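In the two assemblies presented below, chain A is common to both, partnered first by chain B and then by chain C.
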Partner chain A sequence: MKDVKCECGHVNPHGTVLCEACGKVLDEQEKNNKELLDMRYEGSARRSQTYNKTIIDKIWNFFSSVKVGIWLIVITLLTSTLGTILPQEMYINLPPDVYYEQEYGWFGKLYYQLGLHDLYGSWWYLLLIAMIGISLVICSLDRVVPLYKALKAQRVTRHEGFLNRQRIFGVTEHPEEKDLAVIKNHLHERRYRVREENGDLLAEKGRFSRWGPYVNHVGLIIFLIGAMLRFIPGFYVNEDLWVKEGETAVVPETGEKYYLKNNQFILQHYDKNKDKTFEKAIEQAGSVVKNYQSNVVLYERVSKNLPGEKPELKKLKEYKIKVNHPLDFNGYSVFQSSFRSELKTMSFVLANKKTGESFGAVNIDLEDPKATYNLGHGYSVKILNYFPDFEFDKNGEPSTKSRLPNNPAFVFSMTTPDKSKPETSFVAIKQTIEPFGENTYKMAFQGIETKNVSGFTVRKDSSLWVIILGGIIFMIGVMQGAYWNHRRIWVQNKNGQVWIAAHTNKNWYGLKREIETVLLDTKLVIPEDQQQKENLEKEGV
Partner chain B sequence: MATISSNLLFIAFILYLISILFYGGSIKSKNDSSEKQGTNTWGKIAVLLTIVGFVSQLGYFITRWIAAGHAPVSNMFEFTTFFGMALVGAFIVIYFIYRTTLLGLFTMPVAILVIAYASMFPREITPLIPALQSYWLHIHVTTAAMGEAILAISFAAGLIYLVKAIDQTKASKQTFWLEVVMFSLVTVLGFVAVSSIFSSMGYHEKFNWVDKHDNQVTVEYTMPAITGPHEGKLLTTNGFKPLVEMPAFINAKKSNTVIWSLIGGLILYGLIRSVLRRRIAAALKPLVKNIKLDFVDEISYRSVLIGFPVFTLGALIFAMIWAQMAWSRFWGWDPKEVWALITWLFYAAFLHLRLSKGWHGEKSAWLAVIGFVIIMFNLVAVNLVIAGLHSYAG
Partner chain C sequence: MKKRRLVIRTLILVILGAAVAYSLYSNLTKDSKQKVAVGDTAPDFALVDMQGNKHRLSEYRGQGVFLNFWGTWCPPCKKEMPYINNQYLQYKDKGVQVLSVDIQEPELAVNQFAERLGLKFPIMIDTEKEVMNVYGIDLLPATFLVDKNGKVVKYYTGELTENKVKEFMEQIKP
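So, the complex of A and B:
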């Protein structure tokens, strides 16, 4: 491909629309046009506009198109809305194949079948995000390099056809010599960098705002890479951990290095008598939780990790884990995320059914029940069978669903001095079965004790700093692009006249105000906004 | 302290209301000197009233903060009121850049509607649940609201553009949709009017009904039930018998409110139309005749440019930081988060369309309107209809 040499002597890469140095229109089709110049990317030669032969060109051109980028954004936007119609999979507490149909009927079923219950984790949603990522890279590269070159190569003296086709343009017929000096002064005051060649001026400021979009794109790409890093094993830990009060548990995914003891779980509600300000609101809501807290101790294992051996622990710190105040250590964070109450003990008394006379209490630790409870005077109770989470199985036999004492049931054998054979009784919550005929004695339910179990989320996210970095760079880029403007003012001598033209990438109103102040105290004609003039003519004002 | 606070809010509201008259006056009396820039006496008074109102509302905010012990941005009333305040603040800032009172004439009614809408929600000071007990509550919510408010200014400017640019002499798609926008604004007023009327009457009726899990529950209506709950039995004597019974999975009480608001909106709109004898947008047209299209287009675009970074920071970045601390993940695809992302994507598309595809003028103005619709959807529908972690309605 041939480079294009402009009449000013500058050699432009193939595909250049406006000469990088003098701004002369090089594109044949554009040459005789009288309309305002399209100043985007300075009319530089972009790869996507120049080559379209190989498959790589085609892919490049596809992704370098802002139109494609916008479509990707719009499609992502529209599909994202679908995921908010019904709760996503992670916010429901039933199996999804049951939940959606049960809660939302045929619509819920359809929603589930279409895979919308896990929309944001679906392959096609991730593909959309990935395509946006590719579009970001290629769009930016396609533009930033030629733009940089063009802005670097620009000379002060510009071609006439460049100047009079700028949006802001004006001619002063009989300029005064000293006005130029006044302008220069004003421009300096307004922090322009002024370059001078053959008596022509180019005042420029805020060029760095042109890089804003590219900086923010870099930030976004870093952010997306950060979000991808969590798929690398070891980078991302997200585990649930339940610890009962008084117990110590190993923190998962730490190589059994850290242990957490839960001393106490605290649940506090607002008290309408104490928190007077909230009295009305509390009355309306019934009760409002004030605090979820677990008082914990963090231990580190100091002994070698040998199976079967009790680990030797060193206390690291005591901490009160609350919502918004996780416990942080060595890259891990432990969050207070949930709690539940569990049955701890159940107590019964052995009593005579008729007289109600009792012969001693039995206090059963539901996690570790004793086999026999001796009540003295010849009375004793044996636990023949224990079902912590009782249910009848398929064959109608009593069995247990889990080892958690959610619904405890017992088969007691009651030995009393007046009976030769012990009596057997099956006792579950709210039911008693006497399998071998009518009993004289019963196990009368007395009460339960519960204990709290704290639910923690253990998280380690080594990709977080990448995401933070991406976020910071993005914000810098966005602000750079949004809060600064790239303004250029050309003041040039052409045929004994002074031509003033100006360009900004945005905020034309501000530029016009600025030119007015720059030209203050001079006889130079204030340049006009040619686009506005055109529009006003169209509007018929 | 709480009483002082609500009085200050009331004063602010009245001042905003009066300021609209002066904004109107400043446009009317400008007719002769169309080319001249600068603000006349009417306009100066209008802006002064706005600023005093803003200060008064700031007083409401601070006193309520002191009374509650936390920034008053934690329920629907507080957040929406703050959004209204941010809208006024954003207008004041943009006014001092561009010095056009016309923008006030379009922004202040929107701000007033927002604040009036807010006050239809329970105004009690609410305690903070544990997840909200963080200084990030103040930082995230206020920054997000400010971002949205600045973006909303672009809606006001876009509206001016459309009122001026669209040919009202014959009916077209554009006149229809612009009128839909006007009707929606009137409907908000309808909601406020209907709610206020029934609440001042002290209207109440109770139903026993069966929810979708076949539980017997009671619900209390504060407006006569047009749409009754599923298998509802009216408990209140002399209560209004529902005209239609809703299926169990639809919230009959909310749909009833929506229907009443639409009725209120239609009545008001009908009244306005019969007085004006033309479209609302057509009636507004004389007000905008002195403004240049390019100029409002630029205000609209500039507001997006200023608002977009603020919105990103508040609604996404600060939100992620807080979410990381409160829920152990910075992003959880909660409906409110998704809608913040949607809003962000929309304005990103807006900026790209403008920068690269040359969508200036009318197209850009329509986009500004759609952007505001998305923000309002996020504020109203996502809070009240789609329940999630952010749901203020409960």
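So, the complex of A and C:
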């Protein structure tokens, strides 16, 4: 693997197609070809394709192939669409092994078995994304370095074989001396950087547009790094938090540092009498919510207590959390995301079933019921059993499904002065059972009180700024590559003639127009677009 | 020159590979990640039991602690309680303490439950779910075994048999 020395004296890396300095065609196969030169990457040696020895080189070469990169992107796109056929696991409310088969039959079952229910979190999907990232890094490195070197090493005077095989090329047989000065002037006016050697000219502008794609890739990689940061503990928090009215709860993932008190939850509807403009719409829709709001107080823990001990809290601020108006503190945002109402108290009166005479009311706090309620004059009620979320279990015994008071039920023991033994009664919503025979007394249901529970989402995303930065750099790269062109015009003396050749990475029409203005007021022949000429000849025009 | 290229390429591939491996690993383990893992020092806490006595975990250094999280509404919890009670009576003089933490339930429910089953070990209510959060408890019942040095030796979720309880007690006996 030797380096190649060109006749101009420049030493090129092995695999170079066009000499970096003078542009002479070095590749043997290319040499005898009369077609236009392939100017991609300046004919530089993409080294990956020339060294293929160790396993490291082989891995490197695999990822440095644009073909591989494009396939990776296509495969990722195709598989991404698979995940949109059926709802993903996070959007269903049944266990996935039940849901898919029940809803979609054999196809659903297959979908689940193939693991497509959690496609975007699967290891192989992540691996695909990661491989695109690796391909991006290696492809870019493998091209930007040789391209940079080639553009830096280029000399003003170019080899004839390089010039006459450029797409835009023309020869002036009998040039006039003064024309060169005119061109130079014009080129300066068009903001070209003009270099001169032995009377030859190289005018170049917009070289930095060549770096656009690479800047763009750097942005993408920063973006991917930002997405990766989310996996680091503490960088990304997305948790639910339910706080009842009047209660204080610790904000999750803050290291038990912050506490949130919910003073009040407010639900407001549009009033069709007040908002006359929307009267029709409101009538049509029934009721339309105007506002979900929680009035909260944020506290910071100042004591060094252990979990389970009562913390000492310092008030930081009061805030009204509304939809899209989160409470922000120390990188965290607390959003209003949901609400529900929960039973708070249930009230009964102890009454005589026949006469209806009442002997006092019992107000039961469903979160913390008392064991005995003394009503005076010898009347009292004892709770023998409390089932906050009542159901009959498998054995037909009363039990509770959860700790939440969704469906409270009680076994009461009623002590009255006229009975020697207390009477027992089982009371659930719309249901009374008297297990030991007919009672004289009953617990007559009076009413319930509810309270609201606000549902919050606690979010923190420290990776967001990295992602935004990646996005900005990405866009800079796109603009750099899209709105500027890298144009070069060679004006060179060969055999007493003046040869003009030009190259641009895009917008050939613009370049040709520019050359016309540059050559204005001179006798020089306007160079032709050889590719266009070829095409026209082929078409037989 | 060639050697340098190999070194640079290896370096870049290693860095990229490490980043990918880390992402994959953290993504795949994020669901099963335990806040308190075996080998960790069990996080200290202090709760007051139904009799009004304060229990602080770190005060039980030198003894094994059978730390059980439960709720009256959870059927397997109900089933395993008598076994724990029996073994507690066997092992309390051999240096194994049982601390049983109910998650946020009314005192009445817990007291009635303990009375009905005749439970003798200290029972405390985690009213603010703080201890539950610190231990990252998801499913009940959950049992942590803490040895005499305060280290977690086992984490177990699900119903226990009497033999299992005995085996656990044996494991943390100082």
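By our rule, the second predicted complex is superposed on the first by the 458 of 541 C-alpha atoms of A that agree within 3 Å, B and C clash if a C-alpha of one lies under 4 Å from a C-alpha of the other, contacts with A are read in each partner's own complex, and residues count from 1 in each chain.
Basically, a residue touches a chain if its C-beta (ideal position, glycine included) is under 8 Å from a C-beta of that chain, and two chains touch if they have at least 3 such contacts.
A quick note: this is a predicted structure, and the numbers were derived from the prediction, not measured.
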Considering only touches as defined above, state whether A:126 meets chain B (first), chain C (second), both or neither. second
For A:236, is the partner it touches chain B (first), chain C (second), both, or none of the two (neither)? neither
Report for A:370: first if it touches chain B alone, second if chain C alone, otherwise both or neither. second
A:508 contacts which: chain B (first), chain C (second), both, neither? first
Name the contact category of A:445: first (chain B only), second (chain C only), both, or neither. neither
Partner with the higher number of touched chain A residues, chain C or chain B: B
Touching residues (chain side chain A, partner chain B) in the complex: 40, 66-67, 69-70, 73-74, 76-77, 80-81, 83-85, 87-88, 90-91, 103-105, 120, 213, 238, 270, 275, 277-278, 280-282, 284-285, 288-292, 322-326, 333, 335, 337, 457, 459, 464, 467, 471, 474-475, 478-479, 482-483, 506-509, 529, 531-532, 535-536, 539
Listed in rising order, the residues of chain B that touch chain A in the complex are 2, 67-69, 98, 122, 124-127, 129-131, 133-134, 212, 249, 292-295, 298, 301-302, 305-306, 308-309, 312-313, 317, 320, 324-330, 332-335, 338-339, 341-342, 345-346, 348-349, 352-353, 355-357, 382, 386, 388, 394
Chain C-touching residues of chain A, taken from the complex the two chains share: 1, 47, 51, 54, 56-57, 59-60, 121, 123, 126-127, 130, 133-134, 137-138, 141, 225, 228, 231-232, 249-250, 252, 256, 305-309, 366-371, 383-386, 388-389, 393, 399-403
Complex interface listing, chain C residues touching chain A: 2, 5-6, 9-10, 12-13, 16, 19-20, 22-24, 26-28, 30, 43-47, 56, 71-73, 75, 103-109, 111-112, 124, 126, 128, 130-131, 133-134
